[in-house]
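In what comes next, subunit A is part of two complexes: it sits with subunit B in the first one and with subunit C in the second one.
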Partner chain A sequence: MKKILVVDDSSVQRKMIIQIIKSAGFSNPTLEAEDGVKAIEIIGNDFQDIGLVLCDWNMPNMTGIEVVGALAKIPPLATLPVVMVTTEGTEAKISEAKRANPNLAGYVTKPFTPDRLKETISPILAKAN
Partner chain B sequence: MARLDFQVIATTLLGAVNQAVNGFLHVHSDQEPTVVPRPLLAEDKWYVSSFGEFYDSSYISVIYFYRNSKDREANRFCGVFVLYLKEALAPNLIKAFGYKDTAETNNEVVADITAELANNIAGVFKKDLSGLGYPELEISAPMKFKGSAGWLSYPKNEKQYYRVTAFVWGQKFALDVMVAI
Partner chain C sequence: MAIEINQAFIEKMSGIMEKMVGDSLLPMGITVSRKNATEHVNFQDVVFCSIGITGAFNGNLSIVIPQKTACSFVGKMIGMSFEQVTDDVLDGCREITNMVAGVIKMEMAAQSVDINIGLPTSMIGHGLRIRFNPADKYVHQQYTTSEGDLEVYLALNEQETSAQPSAEKKPAVAVDAATALLNKIKNSKNF
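This part shows the complex of A and B:
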């Protein structure tokens, strides 16, 4: 079963997302990263076993937009499903994210309901699993 | 561009608070939040402390607003957000997020929840303002404090801020917002 990587500088937000994933019935193992640098390190080591990345935008050291942009430039990682989960909810930011990574699998704006997150990740995980 | 008037800011702020309380805390406010303008007394510095308001040591989170990314890089802010959550809310917050209630968990976790709530409110507020003629607004990462955030700077010539008062789980929480837009 593929792993899910949750990237957010807030430990509370990571915990909430993981709880929602589990309550949706997905028993995929989860990994956590508190910033983009850690996320890239984890992905670099484990990308073949990762089926989904949920990534915040505003983080210290390396932002989420930098992460998705970096992944898009590396062929084996360019098709890794990434969903941005962020307070950046304007059309301009959504477009910027899609330009950075044309394969972006989804975009969820905070604050989000559990159902909103579930409906975004369910088809991705169904395919990955 | 003319500055946004009080009604517009108030409506936008109240909407942001309700949306964040509902979407992030997964509760509804006990009563409709209110917003009132308050004068800024010093010229460009504001002493932020929860003791005067709540008579206790509250969790505080501070977020700065910038007109655009260039101003953000130059640290030229145009607004400040200060969220105060009373310590009495800690047990409800810890329970709501599924944490164990230990002395070690309390401070760190509640500070993080406060910061993330501030981030959610500020994010919605920023998004709504983008549709009101401020499409490039940026916000800082939330900063965490307990009891007091000390002296915060704000843009010179600003004379007032907005105090939002809301209630969850029977406890008051407050949000002070100063935006020079």
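This part shows the complex of A and C:
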């Protein structure tokens, strides 16, 4: 079963997302990263076992847009499903994220309902699992 | 250019708490005003969170939550019970502030005003004080919830800045750094 990487500088937000994933019935192991640097390290070392990355935008050290942009440039990682989970909800920002990574699998704007997150990740995890 | 703080904006801010903690946020009083330089407000036993706003306008958003209320809010968010303010409680309050700032950004974008928001900071204390900048326009909102009251201060300097948001430039350099880091791992792992 593929792992889910949750990238957010807020530990509370990471816990909330993981709770929603579990309550939706997905028993995939979860990994956590508090910024983009840690996310890149985890993805680089563990990418074959990762089936989904949920990534915040605004984080210290390295932002989410920098992470998804970098992933898009590395062929084995360019198709890794990434969903942005962020307060950056303007059309301009959504377009910027899609330009940075044309394979972006989804975009969820905070605050979100559990159902909103579930409906975004369910088809991705169903495919990955 | 004057920023319009309309009812839709206030209602959207109220809706955030409902999504975050399943609680309704009832507006008690909303004022829009200028302050003079000698005005300030004092707070006792609160969690104070603030986030900077830059771009077409500068300013900041501050949210003031009594410590007991903050513990209840964050407890509801992650299904835990907090007797006192912990790092998780502060983190949760910063996240609430971040989301309110996100709504402000979207509302500004709807008015064709491009702003950036920073990373939220938080502090706790027994005698915190806000001193006002007379150049700023303040929106002060008080809300009540089943868990207690909270206050939101939005300070906006309506003097337009010549500096444009640097969001388009900065990532290009940093994406290169991230790509280099990934390539380094890739090469060491031979994938």
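The working rule: the second predicted complex is superposed on the first by the 129 of 129 C-alpha atoms of A that agree within 3 Å, B and C clash if a C-alpha of one lies under 4 Å from a C-alpha of the other, contacts with A are read in each partner's own complex, and residues count from 1 in each chain.
The definition used in the following text is that a residue touches a chain if its C-beta (ideal position, glycine included) is under 8 Å from a C-beta of that chain, and two chains touch if they have at least 3 such contacts.
This is a predicted model, so every value here is computed, not measured.
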Subunit B and subunit C placed together on subunit A: clash or fit? clash
Partner touching more residues of subunit A, subunit B vs subunit C, is chain C
Exercise for review: Pick one for A:110: touches subunit B only (first), subunit C only (second), both, or neither.
Suggested key: both
Based on the superposed arrangement, let me know which partner A:1 touches: subunit B (first), subunit C (second), both, or neither? neither
State whether A:9 touches subunit B only (first), subunit C only (second), both chains, or neither. both
* For A:78, select first, second, both or neither according to whether it touches subunit B, subunit C, the two together, or no partner. => neither
Between subunit B and subunit C, whom does A:44 touch in the aligned arrangement: first, second, both, or neither?
second
Exercise for review: Pick one for A:88: touches subunit B only (first), subunit C only (second), both, or neither.
Suggested key: both
Interface residues of subunit A shared by subunit B and subunit C, listed 9-13, 15-16, 19, 58-60, 86-90, 92, 109-113
Within the complex, subunit A is touched by subunit B residues 19-20, 22-24, 97-99, 109, 112-113, 115-116, 119-120, 122-124, 126-127, 130, 135, 139, 141
Counting only contacts in the complex, subunit C reaches subunit A at residues 16, 19-20, 74, 77-79, 87-88, 91-92, 94-95, 98-99, 101-103, 105-106, 109, 114, 117-119, 167-168, 171, 174-175, 177-179, 181-183, 185-186, 189, 191
Within the complex, subunit C is touched by subunit A residues 9-13, 15-16, 19, 36-37, 40-41, 43-45, 47-48, 58-60, 62-63, 65-67, 69-71, 73-74, 76-77, 86-92, 96, 100, 109-113
Subunit A contacts subunit B in the complex at 9-13, 15-16, 19, 58-60, 86-90, 92, 109-113
